[in-house]
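Alright, structures below, take your time with them.
The two complexes that follow have subunit A in common; it is paired with subunit B in the first and with subunit C in the second.
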Partner chain A sequence: MQKLGELKLPHFFNYPPYFTLQPVRETREKQIQLWKELILDYCRTQKIFVVGLEEDFALFSNPAIERSLNHEARVAFLSAIVSDGRAEWMDKGHRRCLILWHRIQDWADIILRFVKDNGLEDSVMTVEEIRSGIESRGTDIHGMDRTVLMRALKLLENKGKLAIFKGTSTDDEGVKFSV
Partner chain B sequence: MRRRAGIGGLQNAAAARDQYRLLGENVARLRTDLMKEQLSTFRSQLEDFARKHKNDIRKNPAFRSQFHEMCAKVGVDPLASNKGFWAELLGIGDFYYELGVQIVDVCLATRPHNGGLINLEELCKLLSQRRKGAREVVSEDDCLRAIGKLKVLGSGFEVITVGKRKLVRSVPTELKKDHNEILELSQAQGFVTGEEVERRLSWSTGRATDALETLLDEGLAMIDEGHRDGKRRYWFPCVSSVSSFVASETI
Partner chain C sequence: MAGNWLLPAETTTSGRPVLRPGEVEFSLQPSVDLVNEENPNFPTFKSGLLILTTYRLLWLPNPESTTSPSSSAAVSVPLAAVTHIFQSKRSIKGMFASPRVRFQVSVTPEGRVQERGSKSMVITLVLRGKSDPDSFLGKFWEAWRGKAWEGSVSGSVEGVEGPGSLGDGGGSSSSDTGLALKMPVVGVSGILRKEQEMWESTDKSLQDAFQDLNALMNKAKDMVMLAEKMRQKLLSGSNSQANVTNDEEMGSKEEMQDWLLSVGIVSPVTKESAGALYHQQLSRQLADFVKIPLEKAGGIMNLIDIYCLFNRARGTELISPDDLLRACSLWEKFNVPVMLKKFESGVMVIQNKSHSDEEVFSRIRSLVQKPDALQTGVSATDAARTLGIAPAMAKEHLLAAESKGFLCRDVSPDGFRFYVNIFQDIDPNDEYLVKEYGVYDAWIRATIASR
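On to the complex of A and B.
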């Protein structure tokens, strides 16, 4: 089976008609379902957070069968993911899409677990340390998108699990956990 | 017999006729009895055979198929009822029942992709994947028998032949002759273009378009407009071996 990065590509990716938005409703629904899952899986394994509709995104074309998704199809599939609450449009023109292969709430849970697993209940860390420190290695948090991280942290702040504060330098914000 | 004249002679003739008739009946009965006995002997020999080779029948699809043929010759249908001697002896009534249920599941799972038409080879492949842990291997013959049973239950399942392939239909949509011809044409490359249909089958544009659009609406075809020649292609999942990917993700 073909692979893209770590992900084994499903067979439909090699079947040309799947690159054309289908006119018949039932067929289109199945098509959208398959593409949604593939896009989310791929973004998760490659840790991709932003998909630009006019940019090079590996899944948008398959050179092996000489097919590419046209703009309409790209919008259709990503809109479906947005409707599911697993993505957000970053601009009104729907050119860039933030992919939440973990929902913000899920990220918050992951961060909480991370804090407990590493005994960080009462400690202080910078935001940058959270996403690139040694402790985060091997977890989904490592290298995660900063905007998404901030949103998850804000969610936890609202629940009283931590406090965000500005650091001494202009460099980075800090987080005091009180889990 | 000596011919005698008069009443006595007539009575003798009548008695002789009666005797011949009785003899005739006896012979007939004897023949039937003999046949019955032979059949009964054969049947019990078949039962012995089944008992001895129970495992082989279960495990070996080719053997199983030949066993069925033998049974058919003697007028025995091991699948006739779920209860009864044969089902109990071989437990194969359950096997086909179970298989039938799995076939229904596979057809339902692949229906959004292929419109309710799946080729037999593909069906068997999917079933084998599904049954990875099972002792019994499934052959195309097994599938056909199970589908035969499904048909009897009035489930709308049918096996149709298109060109070289057997397709299993699980939706009420009847394929018209025009549709069949397009399917057959598509077997070469997995797709057709409108132009190709017109040319190869000598149809008008209208006729070709009607048939193709119907197949599309029924979910049996998918369109592809991505080729660099700009021609619209109609792909038929049921003739390619692509059905498998869809189902293997859901099964």
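On to the complex of A and C.
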């Protein structure tokens, strides 16, 4: 079985019609379903948060069978993920897509668990520390997209679990947990 | 019984009259009553289609109005039995009533229409349709005076051939008027001379025919006869000289026969003869015509192919593509065994109603599940080769199978190919699960085997 990074690719990744957007509705729905799962799985294993439609994205082509998705198909599959609430377009032109392989709510829960696991209930951390500090190493939080992180933190702030305070630059943004 | 005072007439399944050899349609009149005013006990034939041919007057019941099969019998009056046609009288009364045409026929003492009957009787035609009675009367006269049936009554084909006939029977030369002295046919030189004569006569009639269009029209009947004759000749030739002819000659002879066969619609429906009924009659004639080519082509044919065949068979009275389309779309209204089908791409075909897409579908099904096709898919050309049909048609069938969810497409720089649909076999909750003995499994086996 082929592998792409950490991800084991399913057999149908070598099925040429998988790379052509199918015109028949039922078949297309099934195809879109399979692509949604595969894109989310791939982003999760590779920790990819942003997919650019005009940039190289390893999953969208299969050199073994010399097939790759055209623009229309890429838009169709990403749009399907967007309408499931598992991704968001980052611009009006639909050229960049933010993939939420954990929903914002799930990210918030993961952060809370991380805080509890590390005994940080009442401490202060900078946002950068959360993303790339020693404590988060080995968790999904490590190296996570700043935009996604900020949105998860805002959600927690609204729930009163923490307070975000601004420094002089964006790098200075800090968080005071009060779990 | 009084009911059969007229002679019965045969019709085809699509409701066109069966014409005798050499019989040509002259004029068609819608909603005509056939009344026997002398003998009111005899049943009246109401509001049917009247067809004037060179041999007969045919009355066909109106297909929309007939309900019981017993009343749907077509009848005919041979022109040979007509003894007099009355000129229409112009009167004040006639201004308001439907135009009538009266003619006298000879009948048997019981009142049945018959040639050279001992008694006579007057039949009235009431023309209810919007038509010109005078022009019809003119044509009626013309047909009657033409006595075209006399050529056919004498029966044999030879009678029409004229001088310099192909003359394969000894008796035929006696009917030739021009050649009093004939060299006996002896030996190889005799055969050669006979061939030469045949050549010359064929050449002559061809030249005559092409001098101008009128001459061609006059010669049309002879041409059809000639074609038929040549076909017969080829047929008998290939049987008797089987030891001499090689395969190539046989092939070309068969081809020649096909060409000659396709020459012959003797009485094409024309706008002139059918008038307002043109498309309806054309539609019926077409339905009769397409049966044989359809059978040869496996029950389905491109509309364009039919157009070519049909016009070639019509010879000079060509129809426009628009007329053909209209004729085909009228089939829905008639009870004919063929239908017009339009594929989603816009390609139109004619097919037998009995022709089933299921059969084609199952052949495609077995084609795409062969190990090669599982790996590399099938193109329209591959399918055309396997199914024995045109690539454009094969593509339509593949697209139809795709829309049923059985095939998937693969569009790439390599071309447009179809694969068996394995999406249906994949579990959306577990992308790695492969069900045993499904098409997905078969596909994996085939692709792994190729690596």
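Methods note: the second predicted complex is superposed on the first by the 175 of 179 C-alpha atoms of A that agree within 3 Å, B and C clash if a C-alpha of one lies under 4 Å from a C-alpha of the other, contacts with A are read in each partner's own complex, and residues count from 1 in each chain.
Quick note on the criterion: a residue touches a chain if its C-beta (ideal position, glycine included) is under 8 Å from a C-beta of that chain, and two chains touch if they have at least 3 such contacts.
Note that this is a predicted model, so its numbers are computed, not measured.
Asker: Should subunit B and subunit C be called a clash or a fit once both complexes are overlaid on subunit A?
Answerer: clash
Asker: Is A:E66 contacted by the first partner subunit B, the second partner subunit C, both or neither?
Answerer: A:E66 sits against subunit B and subunit C alike.
Asker: Scan A:L38 for contacts with subunit B and subunit C and give back first, second, both or neither.
Answerer: second
Asker: In the overlay, answer first, second, both or neither for which of subunit B and subunit C A:F165 touches.
Answerer: In the superposed model, A:F165 contacts neither subunit B nor subunit C.
Asker: Could you say whether A:K8 touches subunit B, subunit C, both of them, or neither, answering first, second, both or neither?
Answerer: A:K8 contacts subunit C only, not subunit B.
Asker: Kindly point out the stretch of subunit B, out of 25-33, 61-69 or 223-231, that overlaps with subunit C after superposition on chain A.
Answerer: 223-231
Asker: In the superposed arrangement, what residues of subunit A touch both subunit B and subunit C?
Answerer: 10-12, 15-17, 19-20, 22-24, 26-27, 30, 34, 66-67
Asker: Please output the residues of subunit A touching subunit C within their complex, sorted ascending.
Answerer: 8, 10-12, 14-17, 19-20, 22-24, 26-27, 30-31, 33-34, 37-38, 66-67
Asker: Could you list, by residue number, the parts of subunit B that touch subunit A in their complex?
Answerer: My answer: residues 112-113, 115, 191, 216-217, 219, 222-228, 233, 235, 237, 240, 242, 244-246, 249.
Asker: Which of the residues in subunit A end up touching subunit B in this complex?
Answerer: It comes out as residues 10-12, 15-20, 22-24, 26-27, 29-30, 34, 66-68, 70.
Asker: Once bound in the complex, which stretches of subunit C touch subunit A?
Answerer: Those residues of subunit C that touch subunit A are 377, 402-403, 405, 408-414, 417, 419, 421-424, 426, 428, 431-432, 434, 440, 443-444, 447.
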